[in-house]
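Paired with subunit B in one complex and with subunit C in the other, subunit A is shared by the two complexes that follow.
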Partner chain A sequence: MTLLFKGKIALVTKIILLAGISAILLMLAQSALARKEYAIALFLLIAVLAMNYVYLTSRTVPFKFFLPGTLFLAAFVIAPIIFTLIMSTYNYKTGNYISKQEAIQRVIALGVEPDEAGTTFDIVVGKTKSGELAILASDTTNNKYFISTKSERIDLNPADLTLNADKVATGAPDFVRSTSAQQASSDAYTKIKYVYEGKYFISVESLEAGAVFRQTLEYQPSTDTFRNLLNGTIYRDNGKGNYANLKKQILEPGWRAPTWFSNYEKLITDNHIRGPFIRVFIWTVAFAVLTVLTSFGFGLLLALALNKPLRGRRMYRSILILPYAMPSLMSILIWAGMFDTEFGAINNILNTHIAWFSNASFARAAVILVSLWLGFPYFYLISTGALQAIPSELLEAAAIDGASGRQIFSKITLPLLLQILSPLLIASFAFNFNNFNLIYLLTGGGPKDQLGGQIAGATDILISYTYQIAFGSNVQDLGLASAISVIIFFLVAGISLYGLRKSKVLETFG
Partner chain B sequence: MKNRFLKGIAVTAVLAFSATGLAITPARAASEIVVWADETRGPNLASVIKAKGDWVPGYTIKIVTYSSFDALKDAFDKATGTSGPDIVVGGNDWVPTAAKSGKLAPVTLTASQKARFNPTQFFDLSYKGKLYGVPVDINNVAMIYNTKLVSSAPNSFGDMVNYYKANKAAKGLKAGLCIAGGGMSWGAHSVFSALGADAYLMSKNGAVNTVQSFNPSIFGANVKKYLLTNGKSNGFFPATDTGCKDNFLAGTVPFAVIGNWEWKDYVAKGFEMNLMPVPGVVDGTYGRMFGSVSGALLTTFADKHGVAAGAKSLLVNFFGSTEGQVKYQLLEGRPPAEKGAQKDASVSAGQKGFGSAASLAGIPQIGAFLNNNKGGANYWDSAPAYWTAVLIDGKDATIEARKLAKIWKTNVATGKGDL
Partner chain C sequence: MSKWLKENLWRHATALGMSLFALFPLYLVVISSLNPTGSLQLTSFIPRNISWNNYKILFNSPAIPYLTWVRNSLVIAGAVAIISVFIGASSAFAFSRLRFRGRKTGIQILLLVQMFPAILALSAIYVIMERVYRFAPSLGLGSQAGLVLVYLGGAMGVNIWLLKGFVDSIPIELDEAAKIDGASAVQTYWLIFIPLAAPVLAVVSLLSFIGTLNEYILARLFLVEMNSRTVAVGLQQFIGGQYSQNWGPFAAGSILLSIPIVVIFLSLQRYIVSGLTAGSVKG
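Now for the complex of A and B:
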């Protein structure tokens, strides 16, 4: 066994493992470089170097243990936080996804219009005798044929051409048709504006057809503006990720542009967002607090009840853990079915017809009830463990001194329990503050008066509200959602830190 | 120590680079056209394209299949220049947002290529006057009636309600009419329309009235007359689609709106394709149902990959051709969008049934109006909200109809710029 950790076998094993992991990371780095994800590639390269340095030398023994965790922390916790923070300062939404350079190219590509007749031609791609890329165009309706390059158009006599059954020219003097393989190997011929008439040109629309267009928008790099060639309107970078004219009409697509604190400003100044945000925040805090209190209270009650000798105690304990053992996803969906107005078990048993998810109060009650169901086994388990950790001598001494059962609980058991469980209660609060699954699967954030223009539902918590803004409709606003996420992060961190300080848990650990 | 470290680094580096060399993904061929599709379309497309290798001479075509339509949408939303497809077979409602975000590239069809399709089908795949793909198949719904319960097709909405009321107890009916396919917004438009509320008003020549909306008083009155008793749901039309298909197949619902992608399930259970539009409140009129198309959409990535011309040829030669659609729909089983393919002898009774229902009472699905939420909510969210408000929450049908009309009117008025 010791051979695995010492000597040549250990060294060889280590080198093979390091080589394998390095290979995977280098492959990912290469892939990231190919996708121009330079930050990811750099991180992976640093990880490879750090890993080899740490494990092939003896200079940093503690880091042999810390390095994997540090790398994962950096990759999966710190990097997403930084990315979210950066994105919260961007105009990053539907219509503003790509880079500015890409957006300029797209606006140029879209800045064309067909001629009034929507003229198209059957074309054959090839080269002129001089080797210039050209198209052989056929207007079969008017029996007109011509060769066009980027600099000239040569009209042809039909009698000189090879025509197919549809009267499409497939060959002409001084024209060399490209083979299929040549067409497929290079797309240079698609980038050319082939001469047609006046300002109109022919664009290759497929391997067999070309269409007549004229350019309507022109980009001027020196001034970073677009000019409408038909009416002279100038479109400038509006600083928000779009080119816009004086009437604030924008050109699409836009790009991901830094707008600094505008997403945060929206939360404060935009009534449409601020109103729901405050309401959702209040409910989020209430939901998290109520869930922790009810789950802890009920779990502790059961733990106290089963902490005493009882016939069948082991069986009861097993049953109480069952909700915890079942995947929460399944439990939530089952509860959602049970709350159904028409077919749900709850209305059937109560002989009522309550629309649980249509009424705000009932929906909130249902959410708390289901979160209680999902949360109490956890608190029952940890309370049981904590109760057993309290020295029985303390309780016996108190009893001998004449303390009542209630006094023993309130003066000894509960304070000791809270000291042990405070970090877990705070962690549970933080978890429920962001308990997206429960809300999304049970109520979908509703009920919501869509017809009344509500954008947040009665049971929406901040994270589900954020999701709705980011992904809930056809129009996604990832920048705004990132700003809300950053606020959630600071809220949860702040509340948790405050709780930890108040409970003096950190001092205890220190 | 230093010596050992350097040796170790050298060995690790050699091994790592050797392994990397083996693992490097081969570069994509310059002449490869990549098509993304969902879990049903993908294998069928691959099969048809493989059977005839020269849809676009000189190019190879690779079909990438995703596990579901949602997974495909998710992947396309995240697609970038290097990873994205050249063509994606997706929903028409993807077009406005994907085009707005610069992910789709316009295509220009010749007159003869355009003539292969019904002009209204181009509505679905257009954004701001530019077309972004070719129609592949038609998505629509139709109402099926169970001939074991009702002997003949109903003439009006009232006929169905009267049948339900008369037979509810005796036949253990769970509802009269329900939505089995397309959900309470898309699928239920035919019911909205039958009762007098179209998402937008269209003239016979296809022009949209961007000024007026439906009449909420008439619609509200119809809802009260046919769907409510003393202000509460009479049970004829449930506010959700939960259990509708199962109930219809079990014979406890006589009328159901079903989707054309699932007609085989009904045939397998022994139902004949007794399909028709939802009848209106006046004899001989029908509720108009959305007829949308799925499209083969050209992406801007095709240009980056250097295959834009080849990809456009694939759109025209395969996805938008009679031969391509006939061969593909033989496997896929949806109504083809291309006119020649629609007339082909191989088109099944189910496909034809949906086609004829659509021709009787179809309305194009115009994303510029339906996806717009300038009115406070888009069509997809506001439509089911109406059913919930009236049929579950018991709110006044006419007051809620006025809110709905206001929302839809604003969405149409402000969405016309995106047409």
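Now for the complex of A and C:
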């Protein structure tokens, strides 16, 4: 057994494993580099170096244990946290999603217009004798034929050409038609502007058709501006991720541009964002507080009721723990089905026809009811544990001193319980603060006026609102969503640290 | 008699009332799964005509690749459960047993990191994995392997933290004895610690298995294709249309999925409850 961890076999296995993993990571780093994902490539490279250093030398024993966990945490927790922070300072949304370089290319590609007549030609793609990509265009209405490349246009005599029944040229001297395999494997043809007349050029629309265009927007790298070639308007980088003229008209698409605190500013100053944000925030706190209070209340009541030998106690306990043992995802979906207006059991039993999730108050009541169902067993379990932790001498002494059952509970049991359980109550508050699954799967955050462009619904909590901003609506605003995420993180971290301090205090006294 | 009533009536009333509340949706889903009309409706408390049709649909209908979804879920959650505990245990061991510079800072960072719910960084994870997809499609957005990697990262903080708590409770004298006998840290880890901690590792990996099965939104964002979905996402999408006829197979599917989890959970109750008081909240 010891041989497995010491000796030659172990060393060889170690080296083979290390070499294999290093090779895979290096290959990934190389392809990342090829795609210009420098940050990812750098991370992979550092990972390889660290791995080899740590496992081939014996200088850093603790790191032999840490490294895999640390790498995973760095890649999938810490990097996303940092990235969220960075994204929150960017104008990063639909229309401003790509890099500036890509945006410039796209604006140039989109900044063209067809000639007035909308001229199109039948074309054949191929190469000139010198190997340059070229098209053989047939102007069948005027009986004109020419070969065009990116640098020149050669007019042809129809008599020299092979024409088909529609008078379209399919072959010409000095023109090598490309095979269908070449056509399929190459989109190079569509990227070229083939010479036509003056400012006009031919763009390959499909491999059989070309259309005449001219450039209307020209990029000037020296000044980093776009110029409209028709009316001379200048578009400058407006610092928010778009080229804009003096009338603040912008060119699409824009790029993701650093705008510092503008996303945070929007939350405070922009009425369309501030209003829903504050409403959602209030409901989030109300939801989390109500959930913890009701679940704790019922859980404690149960714990008190079952805190002495009682016939059927074991059975009660097994049943009461079931909602907690069920996969919560399934339970939430089942509840969603039960609240269905047409087919749901709740309307059926109450003999009503309430559209539960179309009315804000009903929807909120439903959310609280379901979160009570999901949460009370947990509080029953921990309250039972805490009740047993209270020394019985205290209660007996109070009884001897003549305190009534009610007095003992309110003066001794409850304060002690709250002291023991407060860190867990706080943790539960923090958990429910971000209880995305419940809201998203039960009500979808609704009801909301979707046609009116409302993103935040009546039961949306901050985290589900963030999700709607980032992924749920037509405009995906990753920058704003990240800014709200950062705020939630500070709130939750603050709450959790407070809870932790409380439990530390307990440790020292306990 | 009246004393018994006064003492115990409210106890039974409370327990019975809450038990009914707890059981109601579960009972409903069971009878719905046996109900051929297939809605979550209550026609009567005792099902009149029992039919296994919903279960048959689940396994035979080509529109519902239920078994494929279950297999996907098992593979993903299984991989996360095993690998994350394998990796997490070594970090927890180091934090708990080895003395080195920066240990305290490390623990504090870990504490902060494990508080951060992965869902907060959803947009960032999405964008990062979208970029990974551009150079390594088999690890990026849309791949199960990519999803496993993200889950592993997300589970790492909590698992290390949880395992560290368990490691702290294993007597250090055993390690010290091994050290005196000339064992290196790596040997102590493999030959003393792992055998001792095996039951605990099993419990933590089962917990992270259940947690992964319960994860919805990352799985939804990552796995777009019908056949690569997890069972949770599959079933949710399946009833997304709110058509009554889909509830029957949904009920059947969720029962089949829930039974093993409930059994695992109830049999691990003792460990989980003690973990609860240590401050972890089940997701």
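We take it that the second predicted complex is superposed on the first by the 365 of 510 C-alpha atoms of A that agree within 3 Å, B and C clash if a C-alpha of one lies under 4 Å from a C-alpha of the other, contacts with A are read in each partner's own complex, and residues count from 1 in each chain.
Everything that follows uses one rule, which is that contacts are C-beta pairs under 8 Å (C-beta built on N, C-alpha and C of every residue); 3 or more make two chains touch, one makes a residue touch a chain.
Everything numeric here is computed off the predicted structure, so don't read it as measured data.
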First, second, both or neither for A:Thr57, with subunit B first and subunit C second: first
First, second, both or neither for A:Thr120, with subunit B first and subunit C second: first
Partner chain(s) touched by A:Thr259 [first = subunit B, second = subunit C, both, neither]: neither
Touched partner set for A:Glu102, first subunit B, second subunit C, both or neither: first
First (subunit B), second (subunit C), both or neither touched by A:Ser31: both
Which of subunit B and subunit C A:Leu207 touches, first, second, both or neither: first
Partner, of subunit C and subunit B, that touches more residues belonging to subunit A: C
First, second, both or neither for A:Thr179, with subunit B first and subunit C second: first
Partner chain(s) touched by A:Ser138 [first = subunit B, second = subunit C, both, neither]: neither
Which of subunit B and subunit C A:Phe343 touches, first, second, both or neither: both
Common interface residues of subunit A - those touching subunit B in one complex and subunit C in the other: 31, 34-35, 340, 342-343
Subunit C residues touching subunit A - in the complex, by the definition given at the top: 8, 10-12, 14-16, 18-19, 21-23, 25-26, 28-29, 39-42, 87-88, 90-91, 93-94, 98, 100, 103, 106, 110-113, 115-128, 131-132, 134-136, 139, 149-150, 152-154, 156-157, 160, 184-187, 189-191, 210, 213-214, 216-217, 221, 232, 235-236, 239, 242, 244, 247, 250-251, 254, 257-258, 261-262, 265-266, 269, 273, 276-277, 279, 281-283
Complex interface listing, subunit B residues touching subunit A: 1, 4-5, 8-9, 11-20, 23-25, 30-31, 56-59, 80-83, 93, 96-97, 99-103, 105-111, 113, 128, 130, 238, 242-243, 300, 303, 306-310, 312-313, 315-316, 371, 373, 376-378, 381-382, 385-386, 388-389, 392-393, 400, 403-404, 407
Residue ranges of subunit A in contact with subunit C within the complex: 1-2, 4-6, 28, 31-32, 34-35, 37, 40, 61-62, 64-66, 68-70, 72-73, 75-81, 83-84, 87, 298, 301-302, 305-306, 308, 310, 312, 316, 318-331, 333-338, 340, 342-345, 348-349, 373, 376-378, 381-382, 385, 423-424, 427-428, 430-431, 434, 436-437, 440-441, 463, 466-467, 470-471, 478, 481-482, 485, 488-489, 492-493, 496, 500, 503
Residue ranges of subunit A touching subunit B (in the complex, touch as defined): 11, 15-16, 18-20, 22-24, 26-27, 30-31, 34-35, 48, 52-53, 56-58, 94-98, 102-103, 106, 109-110, 114, 118, 120, 122, 179-187, 189-190, 203-209, 211, 252-253, 340-343, 355, 358-359, 447-453, 473-476
